[in-house]
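The next part holds the structures, each set out as structure tokens.
Below are two complexes that have subunit A in common, paired first with subunit B and then with subunit C.
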Partner chain A sequence: MRAGIFKETYPELVRLTDSMPVKVWSILLVLGASLLPALVGSYALSFGTTIVITSIGVVGLNLLTGTCGLISLGHAGFMAVGAYGAGIMALDYGWSAIPAILVGGFAASLSSLLVGVPSLRLKGLYLAITTLAFTVIVTHLILNMPQLTRGSAGLFMPVADLMGIEMKSTGAFYLFALALAVLAVLGVLNLMRSRVGRAFLAIREQDIAAEMMGIHLARFKLLAFAISAFYTGIAGALFAYQVRYINVDSFGLLLSIEALGIIIVGGLGSVAGAVIGTVFMTLLPEGIRILFDLLGAGLQEIFSTRALELRGLIYGAVIILVLRFQPEGLIGIWREVRRIWTNWPFRY
Partner chain B sequence: MNYLIALIAAGLATGAIYGLVAIGFAIIYKATGIINFAQGEMVMLNAYLGLSIATFSGVGFWALVPLVILASILVGLAVEFLLVRPMLGEPAISIVMMTVGLAVCLRSLVILIWGAEPQVLPVHPAEDVVQILGARLYSTQILAIVCLALVVVGFFVFYRHTRAGLAMRASSSNETVALLMGIDVRRIYALAWGLASVTGGLAGLLVATIYELGPDMFAFGLRSFPAVILGGLDSAIGAAVGGAIIGVLENLGEGYIGRGLKEIVGFVVILMVLMVRPYGMFGTRDVERV
Partner chain C sequence: MKRMIAVAAAVQALMGPAYAEAPGVSDHEIRIGEILPLTGPASFAGKAHYLGTKIALAQANDEGGVGGRTVVALTEDDGYVPARTFQSAQKLLSVDGIFAMTGTSGTSHMLAMLPLLEEQDVLTVVSINPAESLYNPVRENIFVVGTSYGNAIHRIMRLAVEERGLKDGKFAIIYQEDDYGANVKAGYDRAVEEFGLNSVAEIPYKRGQKDFAAEMLRVANEGVDFLISGGIISENVAVFKEARKLGLDDLGIGTVWTAHLPIVQKLAGEAANGYLTADYAATLSEEAAQPFMELARKYLDESEVAEINRYSMTSYAGATVLVQAMRECSDDLTRACVKTALESGKAFEVGSALGAVTFAPDRHFSDSPVRVLRSDPEGAGFVPLTNF
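Up next, the complex of A and B:
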């Protein structure tokens, strides 16, 4: 049994991981994920792509809400800005995918300053409502600037291309998105072990105290917004390339709520939790559909006519149940299992 | 000039509904420190319950009102007892997210039970057009304004002159001390949820008579957010005033500036108000000690 782990130098303390199994399993996980196109059909792969893209956005939201403690209901807005930014670049200016996606990300980042500035004076739920206002205003602007955004007609996206080669197959696009997601996760993990990450945590715990400790509140809150929106903008741009058609209805308030639901189910403030939550919540409706299929034709019929409502009902119920019985989220279960595993046969 | 008065009058009527919904937000925030994101959905649920009660019992409109109030109280108490009470002591964000989950659930539930098609309430109060200061208003719109005024007066009296109101103010100012003074804080919470649900039920009934019953009624909750932020989250009277102001501004924006502005005027206004007064017009400033 291990008596404890002793860190003797500062770099050792902030290392990403010092455990060999974690490294091995992470690499195996990425390898396994990148083999997915060879293993499953295009229907299942579309879930894979959705999960990968959603986790980029959710990791971004988690950085803001979970790590920095600023509740945002505006991420659907950032996603819309990212999607339209990339879409307009690709369609009207013929940019290729990577620069277009980056433009989407930076556009979302810039727009986040609009919400970030009021956030310097607002606390908690007031901020949530302000970010909500941002989503509403973005939707309105998209609808009423048709010369730029084509208004309610929406954008028909071209096929994503990488250095002149079109990613025609879903597998290629999945791998592209996966690569970006891995970069995104590594980026956040490294951010978290820097001064910036620790500043975010301090702000979450008690922002006035953090300010006393020499953290420039305005700078770091705006930075949290900008990074978070950048991630979400990238997710939005990828989403646009994935579904190939976007309009304002794709970015309703429900999207922000679903994203918050994911980070709560996964476990607030944890990157791994955000990813696990994404996998769980994306596959949940499909799992329930399969369950209904097994239960018989009558239920199957209800599902086909009222699929959206049932999905909403279950989504809400899962959020409530997790909050009620597992406030730490799915990552909490994992931590518990790991604790029991290490300490067995002792309780602690 | 007539156009202006007409816009303001119609805006006041819509604003009255916003005000009623917003008072619900404010009561719960004042008592428990959370925003009930399911308020709009409770408005919708209570209105649909009203529809079912009216269909099954066949009572007239004025007899329906107390029945809806009763049903609303039950809904509010049920939510408080089943969902909020077990989570007391959790951080505020958890309880707020629980109400978000509840909102998503209720939205689907209403469609699953009552269907997605808009419906009409079978009973109506007598409807004529009334002329006030050159503005023509439906009597139902005037009913909305009167209803808001009565509710505001009611809450003013309640907070100032009743034991329960005093207890509610005490527990919102300091929960622990209130508990030590012998106030049953859990009962105060239940009372707050019940009252908020009632103002929601009244708003729902008004929406059902002025417009129609539809599964998109929850949007009134969303559009009342600016009202309660403008008034200050912890002030019921402020929420009512905020509702009236937002309603009028929406109409003026739509009438003078451009179409489609109606949806966003409120949100633009609160963005600007919050820059200047982060705690709203009537809200109390939060003094924080580290």
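Up next, the complex of A and C:
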């Protein structure tokens, strides 16, 4: 059992993990997630797909907001750019899924420079409002460039294909999205232990001090936006392939706020927290629905259409309670459990 | 007729194996699905639609159901978010196993689940949002009850030209920048071209906009005689109020059936006097709607009756059409048979609040007759200016 962590060399410090149990459990988790198509039906699997796709976008947002300290309410816009980028390449140019998705990611990344530049001078709520405006601009452009985007009519996406083979089943697409999510998480974890990731952290803690240490603020802030938007663009492209129809309604402003909610509930700055937050926030409404179903049809009869408002209230109340009793987010619960496990029978 | 339908269905079943099964049908029950905006900004329509279906199915089940089977509606809330509509469709199709759909939320929401519905050959009767993209071109399993927003606008403008003598007047439109607005604008453009009208201002606005002072100032400056307000609820209310504030008493304003709701009159107050709307459903207070209201009072509680509106009548019509078509096939209840029954050209009677509904193999759109009404909040509520 570990009693503490001692790092004696720099390579030790930057290793992804030096813990064998962490490696084993991580591999088991991925294997378990890969077995999902064999274990559950297509409806449950659609939640799985939503969770892995959302995780990619949220991990990207977490890198920007949780790690680098730059608040963004423009991620719905990046997601839209990614979705339309992939959609246009797939529909108009017949590109297969992987290159189309990459185009979506890079298009979002490129567009993020528009928002990244103001971030050099703006912070906090001022930056949030600027990024919010980005989503409005993207929506406006989509509606007013019908030759490219089909305007308000939206795009019907083809079935995603991998090397010419169509991923028609929900299971195949889930596994494809899961593979990309694993790559995305590994990518961010690797980034976090590099000079770039540490620069992001330094900027979050005190950007003036970071600059004094030789971190080029403009370069690293723009880089944070570009990487974050790339992830979100990939998520948008996958979303387009999942639903197979996109229009501006799919990328409302609320989406950005929900994404921020996920990283706050999960635990700001933590990759695991972002994933846990995604799982929790995606499954919470379904959990409440199942609870209502268990309580019986009588409840539905009593409340009629107001039963749904009651469900909405419970959803909000659960989130408030989580944040009230676990301000560090859900990852805080995990850290606490791990601390108790490691130190038992001692308190500290 | 029944024999013809049965023969046609048998032939079709042989040709298309996808129709051979009937999910959602058991010896005692038929499950139909609805995905509606029961929460969120469009809940006024979603809740009313839910209640209309509830009335239709309660009545159908009281009359013996379909071949002795009870028809049950499984309703999901999408909160007016397309991604949730898609997820709900997955649930209804793969977990609940529905036979058909009757509640389909907004246009983009319906389009989000359209690939799923088409791949799984789910019979769908759309009655909440008759968007053109759902019936033009004809989609194999989608049947649309109602008329298009464009037809409603065209009818209002025809009245403005023919009965208000505005052939040489100045026309303008304020429309939402989305699929809904595009449908409204299409009707406006058609009328402008057909009647040779002078359109002096075509002003788009972004969804969610609440203030229309600038747009209405432009309408005033252009000396517009007749304005098409392409908003939904709050946008139309803002336009009516702004017109009153600017003293545009002679300005005629027309809009689609989203303004055929008492809530719009209530919100607009004095500004609600005189605007025109067009609808294919009767007004709740008029004689034609009273049989429906009696059913509502029979099958709903008081608080539910208070929530019904024109969307309840249209959903009642949609569900009734589906039930009648299913009854044609009660001995051999397959989607193929019901589809053939719907396409048979038969006029499905859906009560006096809406005209009879007819489809054909090359026309999955009822194109229900529409009439123009004038808002009269202090009097009858809505006064019909034309017939259906």
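Note that in this section the second predicted complex is superposed on the first by the 320 of 348 C-alpha atoms of A that agree within 3 Å, B and C clash if a C-alpha of one lies under 4 Å from a C-alpha of the other, contacts with A are read in each partner's own complex, and residues count from 1 in each chain.
Just so it is clear, a contact is a pair of C-beta atoms (placed from the backbone, for glycine too) under 8 Å apart; a residue touches a chain by one contact, two chains touch by 3 or more.
Computed from a prediction, not measured in an experiment: that's the story for all the values here.
**Student:** Looking at the overlay, does A:G316 come into contact with subunit B only (first), subunit C only (second), both, or neither?
**Tutor:** The answer is first: A:G316 touches subunit B but not subunit C.
**Student:** For the overlaid complexes, name the partner, subunit B or subunit C, with more touching residues on subunit A.
**Tutor:** Comparing touch counts on subunit A for subunit B and subunit C gives B.
**Student:** Which partner does A:A128 reach: the first (subunit B), the second (subunit C), both, or neither?
**Tutor:** A:A128 sits against subunit B, while subunit C stays out of touch.
**Student:** Can A:R324 be said to touch subunit B (first), subunit C (second), both, or neither?
**Tutor:** Once the two structures are laid over each other on A, A:R324 reaches subunit B alone.
**Student:** Output check: A:G287 vs subunit B and subunit C. Expected answer is one of first, second, both, neither. What do you get?
**Tutor:** After superposing on A, A:G287 lies clear of both subunit B and subunit C.
**Student:** By the touch definition at the top of the document, which applies to A:G32: first (subunit B), second (subunit C), both, or neither?
**Tutor:** After superposing on A, A:G32 lies clear of both subunit B and subunit C.
**Student:** Which holds for A:L143: it touches subunit B only (first), subunit C only (second), both, or neither?
**Tutor:** A:L143 contacts both subunit B and subunit C.
**Student:** Looking at the overlay, what does A:P99 touch: subunit B (first), subunit C (second), both, or neither?
**Tutor:** neither
**Student:** Just which bits of subunit A does subunit B share with subunit C as contact spots?
**Tutor:** 136, 140, 143-144, 254, 308-309, 312
**Student:** What residues on subunit C touch subunit A, complex-wise?
**Tutor:** Answer in residue numbers: 38-39, 43, 46-47, 50-51, 77, 81-83, 86-87, 90-91, 94-95, 106, 108-109, 111-112, 114-115, 133, 177-179, 181-182, 206, 301, 303-304, 307.
**Student:** Mind pulling up the subunit A residues that touch subunit C in the complex?
**Tutor:** 41-43, 46-47, 50, 136, 139-140, 143-144, 151-154, 156, 170, 239, 242-245, 247-250, 252, 254, 304-305, 308-309, 312
**Student:** Enumerate the contact residues on subunit A facing subunit B in the complex.
**Tutor:** Residues 71, 117-118, 121-126, 128-130, 132-133, 136-137, 140, 143-144, 206, 208-209, 212, 253-254, 257, 260-261, 264, 268, 306, 308-313, 315-320, 323-324, 327.
**Student:** Tell me, which parts of subunit B touch subunit A in their complex?
**Tutor:** Residue positions touching the partner: 29, 34-35, 83, 86-87, 90, 92-94, 96-98, 100-109, 111-112, 222, 225-226, 229, 233, 260-261, 263-264, 267-268, 270-271, 274-275, 278-279, 286, 288, 290.
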